[in-house]
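Heads up, the next two complexes both have chain A, just with different partners, chain B and then chain C.
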Partner chain A sequence: MELLEKNSKVCPVHINILDVYHARQSRIHRLDPRAKLLGSLMVILTTMLLPEGAWLPQGILFGLIVLLSFASRLGIFFTVRRSFIAIPFLLAALPLPFLTPGPPLWSLPGLGWVVTSTGLMRFLTILVRTWIAVQASIILSATTPASDLLWGLNAFRFPRLIVAIIGFMLRYLFILADEALRMLRARASRSPRLAGIKRPGLIWQSRVSGAMVGSLFLRSLERSERVHAAMLSRGYDGEMRRLYQPAFRTLDWLLLLGMILILCGIFSLSYWS
Partner chain B sequence: MRFSPEPLHIPDGFLTPLLAALGWLFAVIIINIALRQTRRQLGERQVPLMGILAAFIFAAQAINFPVAAGTSGHLLGGALAAIIMGPWAAALIMTAVVSVQALIFQDGGLLALGWNILNMGVLTAFAGYISYQGLQKWIGRSTSARVVAAFAAAWLSMEVGAIAAAIELALSGTSPLVIALPAMASVHALIGVGEGLLTSGAVRLLQATRPDVLDAGERAPGKLPATFVAGGLFLAIVLAAFSPLASSSPDGLEYVAKLGGFLARAQEPAFAFLPDYTIPFITHPAVTTILAVTIGTLVVFSVAWIVGRGTARKEL
Partner chain C sequence: MHHTVDIRSLYFTYGDGTQALRGVDLYIAPSEKVALVGPNGSGKSTLLLHLNGILEGDGEIKVCGKPVRADNLGEVRAAVGIVFQDPDDQLFSQSVYDDVAFGPIYMGCSPAEVDRRVEQALTSVGMQAARNRVSHHLSQGEKKRVAIATVLSMDPEILVLDEPSAGLDPRARRELINLLATLPQTMLVASHDMHLVAELTPRMIVIDQGRVVADGSTGELLAKKDLLEAHGLEAPCSELTLAT
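Moving on, here comes the complex of A and B:
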């Protein structure tokens, strides 16, 4: 029994991968996907183009995100809670405070590495930029269903076929992910870690996992053949169609205009101060 | 449970907007070529097949095996997709995977998506495919030859993707080349072993159950153009890193400042240090890393050759 509990922790039974979208009744949710895509891209561009150390404008930008997250009824700190995903990558920027020449600020005890204020400034700027950009795209994907998002990409002249492929991928994503989870669960229940018995070697384990990948591929391939046959029998001709078309309304224009004004204001603030 | 394991997804904020735009340009061009190529290869089967295989790669990234000290081996899948489906189809599959990770799961930034597609989709797929095919020409097509070729190809594909990412970070002034290149190359030399083991395990199973699938992958068209595109792209990135241009490459800020006529004001402290910090470092450690990776590649490939040849004889 204990083993079972342990296993269910290691291998969840089902993952709803698409739960990134949070269905709510809000103005932000009802916006046209194109407006939301443009809006988030503008926020991301703004945070990246602001000069280093422009803390006040970045702070206002963060305020804007909190506001949007509140307006979309996700809760004020919804984005903040989910924004830690980009943190591990900050390791890549960690050498900056030490390697950028500039006035020394503080010396690392023991090692004697010198932190320069210029370097620290650069590092913190990257941190803030990444953090804000991630939150902007979290709002985008939490308020827009994936199919609408793809429709928006299509409308922006994204290669049509790749959007169709991504749409297809999203449809089968959770089916195949569940298939993978079932395999992992099967492996976990057949290979308990028992006291006194040596763990099998790395090569052996990797061969088992590789075989799992291979058989998952075969299942996917066979599934794609079945799906394709089913599609053909229903009249598929190589074109993916969509019945419901979102439309740009006054509110979308207003939001875009407002965003542009706010972002311009933030820019001018950063260059005047 | 993690679905996108490799620390290769560059978030927004790490690349300058100019570089990000360049990445998008390259990515769109290559995606369009890939779409045309696979259309010819697959016809109207293209969308369902590519879509489901992209979902497969995404799901397969969840399959792991424990290595040591809490770390585990994961799959990125670019090389595997290329071995099974050919280079262009693999590039499309990986493009879909990386795009979904960025769009829906915030794994990698939206502006950085262009380079993420190139690093993890195009470069891994092409490098994996080219080295797999090249090795097979060398050591034959026996089961064990295929398995070791798959290992070496997958390992190299990770290394190529990681080096490209490191150079992009350095070009953006986010991480100096001296640190980024050796760090990324060595970390991914380890991660690449996991990738190689999983890929070769999958190839071993396919060879035993459906060798026709592997044969079809080898017949997939586009070897020569893929070689040119991948080689050209990688060469361009490396040259950009080592050219004198790299050390003074305009930061996104500088670029906008120039456009707005703010440059004179911006010349003050915040920007003055920017252009020159790469020059003293760029020459030595970076060159040695590239050298080390080349030597590592040679070692992996020679071992693959020896193992492949040795076991092939046994089978006869």
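Moving on, here comes the complex of A and C:
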């Protein structure tokens, strides 16, 4: 029974890590995917190009994101809640406060590592930039279905092969993850733990895990061949095609124009102060 | 009207040396519904993949009167719709609509025509409400129906189905049989589901070890218990014998 409980905990039935799109009826949802892609890119560029320690302009950017989040009917703190996904990536910036030369601020008790004020400033700036950039992408992906995003990338002459690969990844990552889950579940159901009997050694266990990864790879390879056959059967000739989509409307131009004005304002504010 | 399949002495060997087809001959007349039965590994799926030139063996294959050759694969693939066994292989696009539109787009239809075909195909499988859904979120039975719609939208003359009822619950299976029975196309169905075969296809071809071992009316062949047993099959029981 305990084993069963443990299993159901480690092995959910279905994986939906990529369901980022949130269907709502809003102006933002109805915008042209190209306008949203450009807008998000501009916000990300702005937050990256703002000078270090420009807290007020970054704060205004954050306000803009909260506003967009509200306008998309996702809820005011939707992006904030989802943005924690980026925390692991911040680990890469963690050594910065210690390694950047500058006036010492504080030394780590026990280890004696010195935090410099320049380093701390740089770290905090990276923290804020990442946070804002991630939130901009969260709004983009929550208000635009994946297929429209891919179409937008195509429209911007993004290499077609890469767009196609992203599309297949989005479609099959679910299935691959489900397949991995089923394998894990099958392994867990055949890994009983009996009192008084030693479990197999770590090397043996890791060999099993290695074999599982290998077989997952083989299965994906075979599936890719079957998918390719299914595509060929319906006339696929190596080029990805899609139906014509609606053109830019006034609202899309207004959004872009508004974004440019706001972002220019934020820039001038940061240099003026 | 020339929706025929004509195969003469077809041989095929896989890259690893497995001889999958060893001289298959068969002829299917226009609008005939035929079952292809046989044990696992008998060459059913391999044979189906030859019908639109995905696999190329030695021998002669004519579909709708046209030889299946590299230079007319496009035409052949528009004429033969293959529904694969695993709908997850067939549904590779971001949404149900994109998937059903895939074939018509490659056939060069105008956007309005693509739209019309998608609507019609989804309606005929009863899935029009799902047009904007993501394939991953459909049930197995729904996926199967959409998979059939992806082929129907190309308006094929010949419909080829690989294990259509595999993995379906009784209701989904029943709906599928009813749907297939209403479709007018020439049909070749590979299946282990002998109930489906008995109900849907008047003609049955038994294939084993890459050869056609029996070809005749479903009723007559299903009565030959020895033949079925020799090739790993089982007749559907008319009255249920309950396990005690």
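In this text, the second predicted complex is superposed on the first by the 240 of 273 C-alpha atoms of A that agree within 3 Å, B and C clash if a C-alpha of one lies under 4 Å from a C-alpha of the other, contacts with A are read in each partner's own complex, and residues count from 1 in each chain.
Everything below uses one rule, namely that a residue touches a chain if its C-beta (ideal position, glycine included) is under 8 Å from a C-beta of that chain, and two chains touch if they have at least 3 such contacts.
All of these numbers come straight from a predicted model, not from anything done at the bench.
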{"item": "Fit or clash - chain C, chain B, common chain A", "value": "fit"}
{"item": "Which superposed partner A:L255 touches (first chain B, second chain C, both, neither)", "value": "neither"}
{"item": "Which of chain B and chain C A:V227 touches, first, second, both or neither", "value": "both"}
{"item": "Partner chain in contact with A:L263 - chain B first, chain C second, else both or neither", "value": "neither"}
{"item": "Contacts of A:I65 with chain B and chain C, given as first, second, both or neither", "value": "neither"}
{"item": "Partner chain in contact with A:G235 - chain B first, chain C second, else both or neither", "value": "second"}
{"item": "First, second, both or neither for A:V43, with chain B first and chain C second", "value": "neither"}
{"item": "First (chain B), second (chain C), both or neither touched by A:L120", "value": "neither"}
{"item": "First, second, both or neither for A:A164, with chain B first and chain C second", "value": "first"}
{"item": "When both partners are placed on the shared chain, which of chain B and chain C touches more of chain A", "value": "B"}
{"item": "Chain B, chain C and vertex chain A (Cα centres) - angle in steps of 10°", "value": "90"}
{"item": "Partner chain(s) touched by A:P145 [first = chain B, second = chain C, both, neither]", "value": "second"}
{"item": "Minimum distance between Cα atoms of chain B and chain C in the superposition (Å)", "value": "8"}
{"item": "Touching both chain B and chain C, residues of chain A", "value": "146, 167-168, 170-172, 175, 223, 227, 231, 236-237"}
{"item": "Interfacial residue positions of chain C with respect to chain A in the complex", "value": "49, 52, 54, 74, 77-78, 80-82, 84, 86, 88-90, 92-95, 98, 101-103, 105-107, 111, 114, 135-136, 150-151, 154"}
{"item": "Residues of chain A defined as touching chain C within the complex", "value": "145-147, 150, 167-168, 170-172, 174-175, 223, 226-227, 229-237, 241-244"}
{"item": "Residues of chain A that touch chain B when the two form their complex", "value": "11-12, 15, 17-18, 20, 40-41, 44-45, 47-49, 51-53, 82, 85-86, 88-89, 91-93, 95-96, 99-102, 118, 121-122, 126-134, 137-138, 141, 146, 149, 159, 161-162, 164-173, 175-177, 179-181, 183-184, 202-203, 205-218, 220-221, 223-224, 227-228, 231, 236-238, 240, 271"}
{"item": "In the complex, chain B residues that touch chain A", "value": "1, 3, 7, 9-14, 16-17, 28, 31-32, 35, 39, 43-56, 58-60, 62-67, 73, 75, 80, 84, 92, 95-97, 99-100, 102-107, 109-111, 169, 173-176, 178-180, 183-184, 194, 197-206, 209-210, 213, 252-253, 256-257, 260, 262, 266, 269-270, 273, 276-277, 281"}
